[in-house]
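First chain A sits with chain B, and in the next complex the same chain sits with chain C.
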Partner chain A sequence: MATVTVNGKEVEIGASERLNCIQAASKVGVEIPAYCWHPALSVVASCRMCLVEVGDKKPDGTVAMQPKLVPGCQTPAKDGTVIISDSQKVKDARKATLEYLLLNHPLDCPTCDQAGECYLQDYSFNYGRGYSRLNEPKNIKPDKTYIGDQITLFTDRCIMCTRCVRFTREVSGSSELQVVSRGSHEEIDIFPGHPVNNPLAGNVVDLCPVGALCSKDFLYQQRVWWLKSQSSVCPGCSTGCSITVDQNEERVYRLHPRTNEKAQGHFMCDEGRFGWKYTHSDQRLTSPEVRTNGHVTSSDFDSVLASVRTALKKAAQGKGKVAAVLSPWMTVEEAYLLADFLKSLSGQVTLAMGPVRIEGKDDQFPKDVKGNVVEPVKFTIRAEKAPNRAGVEAVLSHFAGDVMPFEELLRLSSTGQFSAVYLVGGDPEGWISEIQAEAFSKIETVIVQDILSSPVLKHATHVLPSGTFVEREGVFVNHNGLAQLIRRSVRGPDGTRPDGRLLWELAERSGLIQTDTLRSEIAAAIPALAVISNAELKVNGVLLDETVVAV
Partner chain B sequence: MAKFEPVLFARINKPDSTSLKTYMADGGYARIKEILSMAPVDVINVVKDAGLRGRGGAGFPCGLKWTFLPKDHPGPIYLCINADESEPGTFNNRILMEKDPHQLIEGIMIACHAIKSNNAYLYLRYEYGRSYRTLDAAIKECYAAGLLGKNIKGTGFNLDIVLHRGAGAYICGEETGLIESLEGKRAWPRIKPPFPAIEGLFRKPTIVNNVETLCCVTQILYRGKEWFQSIGVPPDPNNPRDPGSYGPKLYCVSGHVNKPCCVELPLGVTARELIEEHAGGVWKGRKAKAVVPGGISMGFFSEKEFDTKLDFAGPGKVGCLGLGTAAVVVIDDQTSMVDVLFNCCRFMSHESCGQCTPCREGTAWMTKILTRIRTGQGRLEDLDLLMEVAGSMGIIPGTTICGLSDGAAWPVKNAISKFRGDFEEYISSKRATVTSAQKLMEAH
Partner chain C sequence: MTETKAKPKKTVAWVEEPQLGFWESTFVPAIMKGLKTTLKHVTDRAPVTQQYPEQKPDLPLHYRGVHRLNRDEEDRVKCVACMMCATACPANCISIEAQAAPPEWPDRDKFPKSFVLDELRCIYCGMCEEACPVDAIELTHIYDLTGETRESLMFDREKLLSVYDKTKDNPRDPVRTRRGILGPAAEFASLPTLGPATVVPDSDRSAKNPTAGVIKGSLGANS
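This part shows the complex of A and B:
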């Protein structure tokens, strides 16, 4: 164990932990401000905001301080390191650095997207001086509205921390961004004709500590202080990036990554970042229906659910069999509720896995100029475009013994042995083709629970409009067996119900759905999912198998 | 004192001084086989014991620097020769390279042997076209004569010298900036540690030496450390950390003098001697008001400090940053210090690499303030502001990565503290020396 003293307070750091002074100080709750340093990027120590006094405690108890200020990001915290971040010397240096950073900054906070979550604002408030002593005109640098399809650059707001440049060099490997010119005329720019359009491009907006790099998608949409944030999980692929969903008045405005070393690290891909738009699509299914001979005979939830229940019970007691397709877009709770309900109707029920969309190969980063992956891999966009295959499989294995693939169910359906099928969709990119849907054309009762229209809808006798990932709560299990919680951020449109509530009511369970209680029930029932009732689930998630190393 | 006989410059005025034939006729390469057969550590010890300090500006002991290399490193180890002479007023390396390239090449061979390097990169300032052609020809001659390449003179020592023309800037003269530039990157100085001796060029151990330093190495190996220590200033007995200032030094004298020159003299001459005895006095019969002791980033001597010894310790005693490159620039009494300082600041803000915030913004800010003062809109409190800005930037308070910021701040600190009267008079008289046309140009 190593002992580090921060402003007189001692803190133990683990022997294997390689921390710098900023990280060591944060262990005792001391913030050392920094712009250019980011835990996932290389150290350049150029913003000079994190300057601290550092010394060494000798075995005899005396402390030898270094005469100069040193950057906290560059200085490792070792046994006996003494860090002082509240001395007058440090405060003066911070004040001077902030004054320098604001010299040519336009101070256009009222029209800046970053205002409210801007490190220049925060640090100026905490550590800066209240006024500028610049009497001369500021440098004016032209805005670059096209840096990438999704990114715009307000050049004059930039503080040259070069986080974005390092990101494109070290994480995406695409190296589009660079510094051009010199001295106070320096600018971030792209090489003409090579915009920042790599699949991880959106991260540079999050990395930018000021309002220089902005997302065109979010630009001028909301003041950030109106946004309410909810931590969740991106459903775009089986990586299951930890994210934060920002919404205001039942409308999602943006997703951004939430640091979680157990899941993906610090970043997320653009596919996930901008892939939530279907939530507010006007193509959403918004009316529950019972269809008899092609005519809608009922369209309020309670009567539709009652009709579904009756039809299923009838089928279960009759000659034909009941089958259900559980989508990999369902949460563990939802899959459990449906499987549990159907099993309670009949032991003969057939449970199958919904189609798991695979697109190409896993896309790994960083890449070199020729597109070859460079080790160590820092980010992976997975080919498996479903958030919860592992979780649903665990439920299916528990109830059905093994996992029947979707194709097998299609084959069985076309033989006509089912009299009722319960199909759950949820994949916004579509999950069933016209030809596949034909397998269900002859079945008496076809119940479709989905968010968007699909070819199977024309054979449906019952339609249950459900919720997207921002409207539901539950557990997704990623490729690595990491169970994470998605949380409800917004209310779905009228005429839809979150899947959990819908299935809870279908199963005629009493009261309102309580996912916490439900998780305890699942944990008790399914040994493979025993850990999902742990409190840690709500923070960074729990690994189903702790022996698996996070990737 | 007897007239000093130049050593580094001994051959520069001879006819055909650049050719291998005349260099060998003057005794060059005569003992190279013997030197290359010495144990590397012995060569290092000779240089270390001679007390040779780097001539590039910082004055770091050369032999000591060589010992920082990791022991028993499997290689490769690189030597970079810093010929990016870009400090204003400095032109000694240029003369060495243009007039006596083989003295430098021999120095490179000895240094590479000492540090067990087989690759030397000579980073040459782009503007030095003639130096490039001379060195290129000299290196080719050496390859033809078997003095470079494989198994030099049968000693089993291999050496290749790569002549690299920088397309760089002032900052490429900073050793890690030079390394970055040599690697083909933007010349942004690296954070230290690791120091180049541990991880430098291509992430291998690297030594960066100045041209003049390596020429001195040649002379030390030929003439012995006793000869070297007979020249210059011995260490101050009252200062145990002073390694002394031994050896000859090339002083470049320029500015308002009758005869700008580059002279070789023992370390420790005074600025007054240089002006009066070697540069023919101040021009137009005027008096000198200030002297830059070693390139503009070192600050200024005021008139009463002209008798300060120009050795490694001298300028520091009167508030300057150091000896620097020993580029003495003389400023006459008709020149306004405001204009001089503006010129310094403009240069530094143009050359700041823009990596560290204080230097990037501070240099430009100081230039803006001085521009305003020169347009007649100065305020007396601007002087205190300038002093505060200068005080908060640089590697000495610890706010930057490299020394450029110190070099930008020092002339400001010196000029305002030593010539405050000049500034106050200038500002109070609301004098404007900038015409509107100049203002326009500066704005761009």
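This part shows the complex of A and C:
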């Protein structure tokens, strides 16, 4: 065990931990400001914001301080290291550094998108001087409106921390960004004809500590202090990136990654980042329907749900059988509610896994210029474009013993042995083709619970408009068996209900849906999912038992 | 428990009624004084009632009435859509949608695509005026605001600009602009790019750059 002293407070560092002074200081709650340092990128020590006094404690107890200030990001914390970050010398250095960084900064905070979450603002407020002594005109460089399809660069706001350059070199591997010219002519730029359009490009906007790199999608949409954030999980693929959803007045404005070493690390891909637009699509299903001979006979939730319940009960007691397709876009709670309800109607019910969309192969980063993956892999966009296959499979194998694939259910449906099917969709890219939908054309009762229109809708007798991932609460289990919580950020459009509430009411459980209580029930009922009632679920998620992953 | 008992203080001061003198007991001086006041009012011909709306009162200069959106020197809307007013507004009556400025406006990043101010919801506190970093929104002396529908008093950008056109020449509504720019950086046109501030020999290619700040030739004897 190594002992490091930070501002007089001692902190123990584990033997396997390799920390720098910034990380060691954060262990005792001391913030050392830094712009260029980022835990996932290499160290350049160029911003000089993290200058601290560092010394060594000798075995005889004397402390030998280094005569100069050293960058905290570049100095490893080892046994006996003494870090001082609150001396006058350090404070003066920070003031001088900030004054220098702000020399040519335009200070156009009112029109800058970063204002409110800008490290220049925060550090100037906490450590800065508050005035500038510059009398000369500022060195203003023209903006570059095209850095990539999604990215614009306000060159004048840049403080040359080169986080973005290092990201494209070290994490995406695509190396589109570079520093051109030197000294006061230094600028971030792309190589001619190579815009930042790699699948991880959006991360440079999050990495930028100031308002230089901005997302065109979010530019000028909102002031960030109006946004209300909610921790959630990206449903784009089975990686299950931890994210933060920012909304204002029931409208989502952006997603950005939330650091979670258990899930994906620090970043997320652009597909997920901009993949929430269907939530506010005008193509959403917004009317619950009971259809008799092609005519809508009822369109309010209470009567539609009652009709669904009656139809299912009738089918369960009659000759025919009941089948259900549980989508990998459902949360564990929703899958459990539906499976539990159908099992309570009839022991003979057939439960099947919905189609899991696979697109190409897992896309790994960083890549070299030829597109070959470079080890170690730092980010993976998975081919499996569904957030919760593992979770739904765990529920299915508890209720049905084994997991029936979708194709098998289609084959059984076309033989005509079912009199009622309950189909859950939820995949915004579509989950069923015209030909597959024909399998359900002869079935007496077809209940479709979905967010968008699909070919199977024309055979539906009951339509239940449900919610997208920002409108629901529940557990998604990623490819690695990590159970994470998605949370409700916005209310769905009128005429839709979150899936959990729909199924809760369908099962005639009393009161309102309480996912916490429901999770305890699931944890008690399904041993493979026993950990989901753990409080850690709400922070960084919990890893399920290995057997769940192996399914 | 404390044993020291505070002595009861004299809290009541007895005032003896003054003795009435002879004239006072006749009440004549008091009656004359009252009559004098009455006569003064009877003979005063200066009107007190304001003949509104034929005559409009002169309100104090700090009066806060209907808003206006100022124009800059090029007749563009001065607002930079920073939404500080909407943030500061305690009545939540301002809604702004920003848009990136067209390429013809190199000095601007964004401008308000729509700017709607609900004059009915506004409490005329003047916080928007105070928050504005470019002095684009100001409150005028217009107070007689009527409309036939609620919608007609939702003032949009054009309406607020027309209030500016109507009031800018009124001496009681001066354009109180102190700041026209977002700090010195917003005026790109007046800011030349800086070249090297050191001595550059004529043979150096950077000396041929048209940038300001290049000190050409040799300075001092030793170069």
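Note that in this section the second predicted complex is superposed on the first by the 545 of 551 C-alpha atoms of A that agree within 3 Å, B and C clash if a C-alpha of one lies under 4 Å from a C-alpha of the other, contacts with A are read in each partner's own complex, and residues count from 1 in each chain.
By our rule, a contact is a pair of C-beta atoms (placed from the backbone, for glycine too) under 8 Å apart; a residue touches a chain by one contact, two chains touch by 3 or more.
Given the structure is predicted, the values throughout are model-derived calculations rather than measurements.
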{"item": "First, second, both or neither for A:110, with chain B first and chain C second", "value": "second"}
{"item": "Partner chain in contact with A:68 - chain B first, chain C second, else both or neither", "value": "first"}
{"item": "Chain B versus chain C as contact partner of A:156, first or second or both or neither", "value": "second"}
{"item": "Which superposed partner A:136 touches (first chain B, second chain C, both, neither)", "value": "both"}
{"item": "Partner chain in contact with A:311 - chain B first, chain C second, else both or neither", "value": "neither"}
{"item": "Partner chain in contact with A:51 - chain B first, chain C second, else both or neither", "value": "first"}
{"item": "First, second, both or neither for A:506, with chain B first and chain C second", "value": "neither"}
{"item": "When both partners are placed on the shared chain, which of chain B and chain C touches more of chain A", "value": "B"}
{"item": "First (chain B), second (chain C), both or neither touched by A:225", "value": "second"}
{"item": "Chain A residues contacted in one complex by chain B, in the other by chain C", "value": "136, 139, 184"}
{"item": "Touch list for chain A against partner chain B, complex", "value": "43-49, 51, 68-71, 74, 92-93, 96-97, 100-101, 103-104, 133-136, 139, 159-160, 179, 181-186"}
{"item": "Complex contact set, residues of chain A against chain C", "value": "106-108, 110-112, 136-141, 154, 156, 184, 219-221, 223, 225-226"}
{"item": "Touch list for chain B against partner chain A, complex", "value": "169, 186, 188, 191, 349-358, 360-365, 368-369, 371-372, 385, 392-393, 395-401"}
{"item": "Chain C - residues contacting chain A, complex", "value": "80-84, 87, 98-100, 108-110, 133-134, 182-186, 188, 190-194"}
